[in-house]
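Please find one structure pasted underneath; my questions will follow.
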């Protein structure tokens, strides 16, 4: 029997950290080694997250054996994450890190620093792999030891637009309206996330610029073979805890519209189905998907359609922001780097109703 | 003392009908005359809507004295509404009708029939006033006796885009992503509106064309002084009962962007504030509004902003779909036609939290 | 014309304070004088509560003219409230105070101090009127200048049990299970009220004793003509912002059951209807009420029924915890003390759906 | 290698049926054989439940090979279930049936017929095992071929009260207030389950008697060693789709209270912990549990506590009504009858937040 993958988690008291625990304990090839979480150091994990109490796990102030881990997942805020990654690589240069923060997502340090301030470990940027397997799988090498796990909005939006941009059938000027549940905003208390105020409430935010916009731009520009794509991105909070829906649109090229005028919807569906042929987690669905259909799962459901009147492609994309948008995709990356089937431990279906 | 306005309501067993009752009983100049609702004929209104039980009102199968009413509100499905309007005008040619269905909203019969099938009273179309007071107030005449009360999506979206289109600072090609609570879909039972399935669920719909798109196009084309405006409209259902948010965007003209490059957000706010100066129900707000802030009120809160990177105007607009998007606006129209202050009986603030 | 009642509000940045503003601005006999709220001193009220922005009101650090007010409402935390009441009475001994905190609800200082610690103005306790008009209306005198506005749980539960206890048809040992929306817990941020954690979540709390239990005991013991009533009270949080439902039960006396065995449900309904005959805000309803039916209104809907198998009275009671359970009842008390109809300014019906 | 358990499901278009599919496809020892669902006969299962579309399963009008199945799960309405069970046993007398309807839960035919009307297969009643493993595990024999899977309310409530009744420390007169999400009411459309009306709404129902009361009485009377237990049961609907919380209480015996007056809460916790020692799915928790903590899992979290003032035991119990309250428990029963670990395939933790 092959030995299991040894995994430690840093930042286990946040939502991405706890979601990693929930998923990894069910992964057949993983052994959970250590859990780090400063705010609950020395406590049972169940004190912080009663749903995890049956596991009987404890939280440490700091990992004691980082070098014993094959993978360390970081579920920390930005800056803290870059610092901890640097520290871990010093102690354990052969351990692989999957970072769920924004610290290594933007290849360009200047862009990063515009949005987040000074980078705390810029020398690691060149070796970071952007971990959106469906679009960047080929970049994995035997030496990859640092994965920047994508943001939830970029995952949801880019999967929706990549086929059309890749085939150059839309104008490289896209409009993305995305709705997110509140868990994406984390566990920290804020007035607008106070239940009484968020309940029954929908709102746009980040209208003066959102940190996920440059990340989306980077991906779409990659997909568009380096021709710059302009992204107008408007995120919204909607009253649910978990779930994300992106409505992504752009003008279709007149040539494409002319060529497929007989049945543009069939044509666009074929294009999308071909692009994602063989992908286990991306499904082209036949009715507009709801966030509930992928709740708790690692799926991305896509519904591409053509607005004939406006000559516009409109793609609806749904994911669970904490699974495909965070912890699930991180595990998919671990599987990918380990040579395992990408879906191992991620087979759960959506929980419905 | 002046005598009160006598009002009857048809279709009182639906959500717009019951909302009219709730609001009209608090209107200081209104006397409620008769309530028609076939499915509850002969019953106390409180049997259908317990929240209205304290009023002690009863429902009739059919209005008995239509000619005694100064105003009759129709809260019926399309087709039924046109038929009932025609019937009422035969019996009571001097009574004014405010129709909350779609039957008289589209001036062009062909367009109507494309979306709804044969019109049941097309000869009334020419005399219908489109009742969006902030944009069509000047068209009211002493003879106006039929008001087509706007749809909720068109109200929410058009108020958001009218200033920019009117000033011709945006391209006449607009993208509207709108989120609606479920009450806009009415009281009729449907699988996707079953609580267990709609709860925790967001989804887009009407992707093959939505009936409100031509209505929005009509308004925006009017505002744009008859130059056709292309509208790409994507409605969504979100998990709340009451509330609507529209995110409306379009490319800003390069000239305008160049002229106001120093502070485009201030410029756009000034433009919007001037356009709606003196309006009581439209407010340009200073933080992105939430649907909850206008819950139960007749307000429309607008937040216009500029996406510099994309050179795009993005306007967030929120209303209560059953008040400013239906019953409240209908009463505003009644006030307007009666020479009363438009806000009479509509002073309620949003209920928060 | 009679002059209006001059009213000031202290603690306007909390939910009860803002709800008082929302309701009082629509009261035909009230003039709003001053608003005090330290955390927003000097700011427009609309900065804190955008739904109130249309009013154009400002917040002061401290009331400047307390003696000019006929009534001052206190929406402060306990202790702070007693202190502020004492201070106001020193400056303005003839102003009447309606206190929405717990500070003057318990007549017995020892009981108060057991639950809340030292009382900050115990000498005012003897003159405080317990302001549950339906049960204590007769205790109002010309000299009443301090009203302890009841808690939401005590209001909802006591109205449900008072008729049965008053008629001595139930054992004086009652079980109350109450469900509350989160707004009753106030605006202060707490982990369990963080949207992501409270969403989709129901839980019991206060199981080691809840501060509202002695208040309920005090009322029910009064109603029971001083024979001690034992109260087993279990409050719950449910996932909605506004609304309260109490399920109150107790064993029926064998004599009563024997006497009305033919139709106990009809008998109990008659008893309840008679007890509340003439009350405008308490309604005995014919189907089990939902919290939504009284949303935003000052109503209490009661549904008394008999569990024959268990020989038990079960009464369902619903209120809006911020209206009849707080601000609405406070205004009802103001009306009562002013000789106005109790319902003045409180006529709003529930908002549904 | 041992061969897998062959399983078919009848009634796959309902919520319990679809939940069985979701869970069984992840069970390592199960092979899914056939799915029956008349309303979707011949269709892909994904047409009815998009979250199950990735499985690529189809629905049949009727099972074709019932005798090949080791287990057949019935997720049908009552009456239909008894009929189908009888029919299956005729064709496949050695197949074991786990019935999720109410048809075989009540041992006493007269009681059944009082609540449900004529029984459609009364001759099968004597051989039905009541499948609440924690309380009835010992009754399983090698011949057990029919399991009556318990109702969600009885599961949630009985687990909460069994330890105390079994130890005879409470009066055999219990009060149960239970809150349920809407999925327990099934997929059928009803006005009170229409999203717009159920949203933001809590209510009691079944006040004239609920079918689950006699089932609870049967269990508790068994636990109480055949001394009749009186149950006053009030179910409520609360605004969430999935989740159940029962607040169960009864007077503690004066002897017990006297004996453990020093620390009754510690004593009651010890008693409960001992009673459920070794149980994997029942956990005595240290803080009042929320429904969200067990969402999607087969756990029952119990929080027993003593209300000293009222001398009363109060136990809070939470389950996921579709897992431990239906499909999960059914699989637990299958495991039990198959000699497998009861938790096989049911290890999922709650999904939080």
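Order of writing sets the labels: A, B, C and D. Residues in every chain begin at 1.
Keep this in mind: contacts are C-beta pairs under 8 Å (C-beta built on N, C-alpha and C of every residue); 3 or more make two chains touch, one makes a residue touch a chain.
This structure is a prediction, so every number in the text was calculated from the model and none was measured.
When chain centres are set by their Cα atoms, the one at the greatest distance from chain D is B. Contact count check for C-D and B-C (C-beta pairs in contact): higher for C-D. Look at where the CA atoms of chain B average out and do the same for chain D: the two points lie 47 Å apart. Annotation: 36 Å between the Cα-based centres of chain B and chain C.
Here the CA centre of chain C is 38 Å from the CA centre of chain D. Listed for chain B are residues 15, 183, 196-197, 199-200, 239-242, 289-290, 292, 295, 352-353, each touching two or more other chains.
The touching residues of chain C, counted against chain A in their complex, run 15, 181-183, 185, 187, 189-191, 193-200, 239-242. In the complex of the two chains, the chain C residues touching chain B come out as 15, 18, 22, 25-26, 49-55, 183, 200, 241-242, 283, 285, 287, 289-290, 292-297, 299, 301, 347-353. Of all the residues in chain D, the ones that touch chain C in their complex are 173, 175, 177, 179, 196-197, 199-205, 207-209, 213, 230-232, 234, 236, 238-243, 245, 247, 249, 265, 288-292, 295, 303, 305, 307-310, 312, 314, 316, 318, 352-353.
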